């Protein structure tokens, strides 16, 4: 049984259907990258998985539980975390407070987990008392990822973590993603940077116009020339 | 017969007041119903209108007066216009700092100006005679009508007493006609305006201010215009009140009560619909007056009864907001007049 | 010179009224930052608190709980007990109003919520007036002698010292709550971004509940303290202060509780000092004018976020 | 028609648009493409006055329109649509369109009373125009519906219709195709083509649907990392390795210091 599977998902905003019959699966400890041209419905897919949008058709199953249409706060409790693309931190809180918020639903002492997250992002420990609103884009992204990790999720979903970052920072974020994966967390990543994300992914899916187009290992997808055509038409 | 005369006289009194409220409600409708401006300082504009009219058309200060200004004894219509103009200026002063900001700020500022106006009325005795208020404000054409009535009654000494009574109080009939006439004229003006391109622009601002700006509309200017126009209409309402009541004091214009009643009238009648605004004012004033009778049957003191009536109106507002937010009459969905002719 | 010599004394009065305004303002600010609307019923929450305390005080006296004045204060244990219970009961009432009214209107616009809060304001005020009448009710009938602070020559009554201390303690508790408790942090997080708070698993309904509880408890505190300062309460007590409270909140920055404290102090001081120069009746107008000037210069207020 | 020179805009320390220059020629349907985060929407906002550039200039024909507020840019004949339609919900479709033209006499409060005939005449003209536009886009049957009750695709068409109300010189379309079904999209494309051909309107289109862009637009300008990467015919763009790299390689921004 896969960790997360989606089958025949149709979803969108109001009467605007964006996803038409999308299916996928993620095994434990995998990194899956979902790429595709703009407007392909990648972010919509993440939002649908996480219960922010209700699919009109299809099902999502997480750890053998159907989570189709479940509210986000319920899904969080099942061990899935999500980092939105924008507005993914609380700017007037300090870095540490942001992380504590990530652990909001934990009733136990989570100071160990906090240390583990700090180990993944040593920079955050240094700046833990700083307000996140005053931090740079890369640091915010780390805060956002750190916050999502506080619940010790089995699956982490990242929506374009490298967007609007300087190249060096993006590289660093990708490297952190690998490090997170090595701690045993499965990762579902939606990326604009197809090359980098496919390099670190076990498998990848290519979406275009709200439909599955390709599914393969990262390397094979990188070598696939047809994918260029999906991006540029022709 | 006496009861019938009493009831008729009461109905006239009722309709005059409801008509005056109808005018305020029309003024609020242009601000809130059509443009989406949240004005909760209606009582302030109402008071400014009443005082302006009283100062322009009323008698000069008497020996007992604390004031040293005003009382020009100018004709009723001059006072009416002055009331409108002064209210418009006040609205302009409130609008300039707040209309570029979120709606909350306008709300806070309008209630602030209403409170400030009340303080001025209370404290600036040289102008307003303080808490003692202004008295002997003339009712338009009162003397000639009264003289005519007296002459008529003098010529017909054999009338039954109830008819005599009814005719004796006929000045109120005239005033009712005056109020309803002005209400009707204002209604026609507002109808034409809201169906014009101007109305279309302010409605667009109500729906989505940015989108209106995108279509090249100077939204700030339209908002100021709507606020000022609405305030001017409220000023006219105030002037009509002053000439009817003939005595005004700061106590007549409690900041929230007057404002609140008008809001409930508009929301109940249907904001964004001028007929609704007028309908609402008659219905709510009816409820208000009705509760006056009703509370008489219970062993409440006068202040308790007054409180209870306000509680009833407050509950009424919440009930409308919860279950029928659009009010009795929905917004007018109609193509501009010109389209009708073509179709 | 006559005027200037009064100023130190007026500053004391300013701090007292500023303390009360600040406490009222924090609630307005919290509600605004979490629920996004200007709550016009807040003043009447204050009056409600003051009357509940009055009722409880009468009750405790009837139950024989001693109310002999504590030390130099003009009230005793029974009153302080009523004070604390009134905070809780006010919070409970406000939470019920939220459940039955505001919660159901939350999906509409902030303006509808604002309108409905005006209905609540008038409703509450008249409920108080219905039961207690419009006339003033006295908390404390005894006249208290003021202490002259040596050197400066200003006078202050022990009750007024109590007011200032109570305000400082309340503000301290609010600060501790917001900065150091889980719910307080969650409240700030929700104010920042409610959607993200939900995604993070924060129970935003609980946060809203706490916002009302804290706002209402502080409102009750402010109302009771105002009653101690004035010696009496009327159903209009909160409404009379509401404009100054709004001015404080706008001055400090709508939505920032710390701004409300700062704004409250500035407005309180300006209102009192202004009485040296203009008629006392114009105090609320002074607040209003300061607010308008602030809106013209910097609409986001002294500590407000840029939008 | 539109000349963009060295345009730059930062948010915080991030250069969203950085020394971006390009020209849109009169009477063309120019495509503006690029990966997410390349700065296309920011460029749109800079062109239409919704944002003020930090540096650089925008000219329409000979006129410098840099930093004008939106309603002034609008009066320069530059119209835009939004990615998410901004229809006026509780107004009918016709009203939505009739709102648009500038210089309406009846927008001055007194004219409906003192010059009713002129106002009515103008209303009739504007109304005819609105019907014409609705006919053109095959939306006539919806004229008296509230705009809020239209479907997503119909709202997009309404957006285009709004721009047509003023005979604009330049129309900027921000993702006209997003969320529009195939049939409507085809109608949209042919409407744009016809408009360009029949009225000489210039179009600048940001769109993710490559088929749409490639069929409709010449030239196509590719943006990447806040500046113009290249410009060419659709075929040239499709074959360009640089462009493909930009699409697959992610968008990064320069940071100060």
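Each chain gets a letter, A, B, C and D, in the order it is written, and its residues are counted from 1.
Here is the rule we use: a residue touches a chain if its C-beta (ideal position, glycine included) is under 8 Å from a C-beta of that chain, and two chains touch if they have at least 3 such contacts.
None of the values given here were measured: they were computed from a predicted structure.
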> Chains shared as neighbours by chain A and chain B?
Replying inline: C, D
> Comparing B-C against A-C, which pair counts more contacting C-beta pairs?
Replying inline: B-C
> By C-alpha centroid distance to the whole-protein centroid, which chain wins?
Replying inline: C
> Which chain lies the greatest distance away from chain A when centres are computed from Cα atoms alone?
Replying inline: B
> Using the average of all C-alpha atoms in each chain as its centre, how far is it in Å between chain A and chain C?
Replying inline: 44
> Centre to centre, by mean C-alpha position, how many angstrom separate chain A and chain D?
Replying inline: 32
> If you average the CA atoms of chain C and of chain D, how many Å lie between those two points?
Replying inline: 50
>> If a residue has to touch 2 or more other chains to count, which residues of chain A qualify?
In response: none
>> Could you pull out the residues of chain D that touch at least 2 other chains?
In response: none
>> At least two partner chains per residue is the criterion; list those residues in chain C.
In response: none
>> Based on which chains touch which, is the overall arrangement a line, ring, star, complete graph, or other?
In response: ring
>> Can you work out from the touch definition every pair of chains that touches here?
In response: A-C, A-D, B-C, B-D
> chain A touches which residues of chain C in the complex?
Replying inline: 182, 185-186, 188-189, 191-193, 195-203, 305
>> Under the definition above, what is the set of chain D residues touching chain A in their complex?
In response: 12-14, 16, 35-37, 151-153, 175, 177-179, 208-211, 213-214, 234-235, 237-238, 243-244, 247-255
>> Help me check something: in the complex, which residues belonging to chain D touch chain B?
In response: 70-71, 74-75, 80, 86-92, 94-95, 98-100, 102, 104-109, 111-113, 119-120, 122-124, 127, 144, 146, 162
> Which of the residues in chain A come into contact with chain D in the complex?
Replying inline: 12-16, 18, 37-40, 136-137, 160, 162-167, 170, 191-196, 209, 227-229, 231-234
>> Using the touch definition from the top, list the residues of chain C that touch chain B in their complex.
In response: 32, 37-38, 40, 101, 104-105, 108, 110-112, 114-116, 118-123, 126-127, 129-130, 133-134, 239, 243, 246-247, 250, 254, 279, 281-282, 284-285, 288, 291-292, 295-296, 299
